[in-house]
Amino acid sequence: MKIKKMKDKRTSTIVMHNVLIGILAVIWLIPIVWLVCTSFSEYTGINTSTFFPQKWSIANYIKLFHPDTVAQFPQWFMNTFIVACVNCVISTLFVLMVAYATSIMRFPMRKPLMNIAVILNLFPGMLSMIAVYFVLKTFNLTNSYAGLIMVYSASSGLGYLIAKGFFDTVPRALCEAARIDGCSEARIFLQMVIPMSRPIVVYTVINSFLAPWMDFVFAKMILNAGVSSKYTVAIGLYKMLDKSLINDYFTQFCAGGVLVSIPISILFMIMQKFYVEGITGGAVKG
Amino acid sequence: MANEKKSTAAEAVSGFFKAVGGFFSNFGTAVAKGNIFVKLSLLWWGAGYIRYKQYVKAVIMTVLEAAVILFSVFFASQYVPKFGSLGTVKAEMVFNIDTMKNEFNDYDNSFMILLFSLFSFVVWLVAIVIWIKNMDSVYKLQLMEENGEHINTFQEDMKLYIGEKFHITLLSLPVLGVVVFTIIPILLLVFVAFTNYDQQHMPPSELFTWVGFSNFITLFGGGGLTATFGYSFVRVLGWTLVWAFFSTITTYIGGILLSLLLNSAKTRFPKFWRLMFVITIAVPQFVSLLLVRNFFADNGIVNTICSNIHLTGFLQDIGLVSTNHIPFLSAPGWAHVMIIIINIWVGVPYQMLIATGVLMNIPEDQLESAKMDGAKPFQIFAKITMPYMLFITGPALVTDFVKNINNFNVIYLLTQDVYTTTNQALANSQAQEVDLLVTWLFRLTQDYYNYKMASVIGIVVFIICALFTLVAFNYMIGGDKEGTYQ
Amino acid sequence: MRKKLVSMLLCATMVATMATGCGDTSGDDKKPSSGASSETGGNNNDSSGGGGSSETVSLRLWGAEEDQDYLKQLVSKFESTYSDQKFNIEIGVESESTAKDTVLTDIEAAADVYSYASDQLADLVRAGALAALDDVSEVLTKAGKTLDDVKSANAPDSVEAATLNGKMYGFPTGGANTYFLYYDSSIVSDEDAKTWDSLLAAAAKGKKKVGMTLNSGWYNASFFYGAGFTTGLNEDGTTTMDWNGTSADGNSGVDVVKSMLDITSNSAFMPIADGQISNTIASGDLCAVISGAWDSGKAEEIWGDGYSATKLPTYTLGGKQIQMAPAYGYKFEAVNAYSKNTGWAVLLAEFISNEESQKLHFDLLKQPPTNSNVLASDAIQNDKAIAAAVSQGDFGVIQAVGQKYWDTSKAFGEMVAKGKINAKDDKAIQKALDNLVDGVTAPLS
């Protein structure tokens, strides 16, 4: 009798527990569901009276792939993809290089450099935006993807801390042994430490790949010719919410948001394990 | 522990100065004791290397020297002499019908003078460091020859860069990037804080000039409604700190609780649930936040629902709401709370991922023994889980706080074009109750071109962040990590 | 103050005519030569601009999002008009309402030709972002015109509005940039639409609302302008304002605010946040709204046969009815002072603003014109929204304010809209007005 009661109690707590999680998940998903629903709405403005659209349609998605002067989604997607890929390569290299140098190697300027990095990270990036713009302008790189990529990747070395934390967990003895065997530092870096650090590499790759999809402030500043076909996804979608456009493009904006989120979600799903390991490996020891 | 930390900090500082001192004393010895070729290297950087048959190096150094000289003569000389006045010649133009073009006089652009002077200073600083280093290494060559040691060939030198000196190979590009895209812009804006660069003095048509500390005085002087920067600054700073505190704490604790919930043995399909939360990270913030903003708009869907279920009426009755909608994001108080709540929605899944990883590493034996002692779940949480989390993620907590001080996206996307202040004093300096220092300075630069005040605010933000980080690291976190939990 | 403005404008036009008069004489000197070679004019131009025609002229043109297709048409027409010259014209998106923000960030990177709303004129000129047309008017001979032709072709007010310190800083392209009253005649009769009192009563009866944006200095000033108050712009960019005192018509600012509060406290009134008007029309809660020509499509769609438009209503002030006086603006096609191809940029801007283009713009996009001939056409006269807008030209005010005006008056409007001021507390109202004037007239920092 008693055992059964306990079991009942256990089952009921389990049910309660899972119901609680379910409720939380629903709260977290409401806006996402709204996003998806709205993207299938026939009405093009903001629906303010009902949660679900009154009439369903896939017109928004069709329109996204049939560019007009405002919405050139496929082109934006390509632009962003290219920027993201190049940025991803450069940023990942920079982050890993700095992390390796500061974590594994020992040299006189190591501590001062790390302190300077901490200080630099405290400056709000928004502030230096206008100055960065004029620096790019001197090199004639405004209004170009090269300029945009530079803005995203040039200072990426400053975000090395988590990767450094991860490299710190690589056993010192291994590196020492390799050095005694006559391996150059470059070989230790490329052939030993990097392959051992897959989670952090994945983490860095995802982060740097995502930046151009999320940023609209710098992109708007640098791609300032106003030519729609040169936008990245973020600026293009953001501009759809302009006062004069929002009533015709709000649902397309939602559809665009969904289309951007799908590949990112898939990326997360596949890489989730590495991502968690990377970030915690870094944070724990960082 | 704090003392220990401080002493290491002191060591680091003194070590730094020792290194600098050594740097110059080496240079002194080289100049004093070097032979004629070493001394010649003072003028011709490549001279010493030729003597010791390092021809490639000699060429490289000579080219470098030539580049610096050419740079100084043809580039820097146009700008650096005007650094003191930031330019005197205003732009004038005459239309030429034959070429169909406007022809300009040779006008000064204050901003370019500032930027290029700064650029020249940086180049010269680097050149001086190279020059001094160069003397040192040439002198070393001399000593090596005197002692009959082997002098490296160029190839051997190059090999060093993937061996002992690999850090130089690794760091040079990232450091260059940081110098050009972070340090120069920051220095530039530090300079701008001491000029009158605003809408009345905008290059290329107008000039700006140095004004000393008057912008700082404007910020802290305050007084009266017409000069409300001081007043607004205090308000905005206050909300910035409140926001940073609550947004950091709520997402941090929320993340831990959620991850405990998800990782509990009672959870069915933990991976599925985790994914549900992670999806919210995958939607770009400018999409999800703009959406949420429309969700809670004055005539938005939530308000429609609230008035349908008579919640709005109820709130009106008890006096919480005076309008016929709930001003979720359009009235002070309401907006402040909503922003923090929405930020929980944004931030918790991310913190949950971190917490999940950290909690996986929590020492099992401690939990087991606590359970054996009959500790309640809450006690375990308060006595073991939280201290462990705090210990491990403490530094991250500090950086999160600093990041939230500068959290532009959430505030800007939720309040821009939606929130209107009714506080006239704030409005007179283009601030709002819900502004953080960064969003305020963003508006000052984007809509009002008030670069001088934005720079001043930026410097103040930096000082606040730096002070906080310093204090936090020294007193709150203090201590050695490799201690207790390994 | 308003008189001062008028006299200022008068002076400005006088100077302008003098200047162009001088320009004309010098033009006359040259005219014979260009006239004599009119037959070979094309060749002559080619030889003088010989380098110009062989190399491609690159221009960038900015226009509003909704105008993109229209501008594409114009550009291809422009290119065929000047077929001797090779062009590479890029069209970008920048609405005239936000042009100033983007242009001033980096003038040199801004488009060669862009449109801007008349309230941005002073800021743009002070930043040196606009080429003065008087300085480059010679080039218009290529289009077979003089600057005076342009001036006389457009409504005099629009030319005045484009003129500052005696120089003209843009070709008028769009007129009647103002707001007026849209209403649903099935609920609000034409008679009801004449005063706020009857309007609100009719709305209450029909269980609908009357909407207006108050948290914008563009809209809320109409109450004050109507009562005879003014704003003005000094040469150094500061603003003058007399709203906290008594107007030329003998109305006190406090009474105006009281009248506004009377309206906002009426339950049939709905304050609409800036930029949310067309959204709110779409929600179907409104039976009347104050907005501009850009919302005519939305209003017509929602109200169908009931769709009507008329001038702004009057409001009650101390027993009298006062006609609201809207801010009345224009849209100009400007040439960037730092353009690399100023001459061709001027020609393109002129082309975009000529009679034919304005007519096309109206046909395609219902843009109210400034060209006198287009204005006189039947199509314009029969359009409800444009007729309402143009009818306000007599009492509309060309709003002259500096940058300090906007945020401060926005906050003030929000206070009124939210009922943050007690209508019975004269002192509080006076204090709010004093704060408003202090903020607006503050020296620029």
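Every chain is named by a letter (A, B and C) in the order it is written, and numbering of its residues begins at 1.
Keep this in mind: contacts are C-beta pairs under 8 Å (C-beta built on N, C-alpha and C of every residue); 3 or more make two chains touch, one makes a residue touch a chain.
These figures come from a predicted structure and were not determined experimentally.
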- From chain A, the most remote chain by mean C-alpha position: C
- Quick one: which pair of chains has the most contacts? A-B
- Length of the line joining the C-alpha centres of chain A and chain C, rounded to whole Å: 42
- Centroid distance [mean C-alpha coordinates] between chain B and chain A, Å: 18
- Query: Mind pulling the chain B residues that touch 2 or more other chains?
  - Reply: 297, 299
- Query: Which chain C residues reach two or more other chains?
  - Reply: 105, 275, 279, 283
- Task: Could you list which residues of chain A touch at least two other chains?
- Result: 46, 48-49, 130
- chain A - residues contacting chain C, complex: 45-46, 48-49, 69-70, 130, 133, 137, 142-143, 221, 224-228, 239, 242-247
- Item | Residue numbers on chain B that touch chain C, as the complex places them | 91, 93-95, 97-102, 198-200, 202, 204-206, 218, 224-229, 297-299, 322-323, 330-331, 417-418, 420-428, 430, 446-450, 453
- Query: Where on chain C is chain B touching in the complex?
  - Reply: 48-49, 51-52, 57, 101, 104-105, 107-108, 123, 126-129, 131, 135-136, 138-139, 215, 236-237, 273-276, 279-280, 283, 337-344, 403-404, 407-408, 410-415, 418-420, 432, 435-436, 438-439, 442-445
- Item | Complex contacts: residues of chain C adjacent to chain A | 60, 62, 64-66, 68-69, 72, 90-95, 102, 105-106, 109, 111, 275, 278-279, 282-283, 294, 298
- Message: List the residues on chain A that touch chain B in their complex, please.
- Response: 13-14, 17-18, 20-21, 24-25, 27-29, 31-32, 34-35, 38, 46-51, 94, 97-98, 100-101, 105, 107-113, 115, 117-132, 134-135, 138, 150-151, 153-158, 184-187, 189, 213-214, 216-217, 234, 237-238, 241, 250, 253-254, 256-257, 260-261, 264-265, 267-269, 272, 275-277, 279-281, 283-286
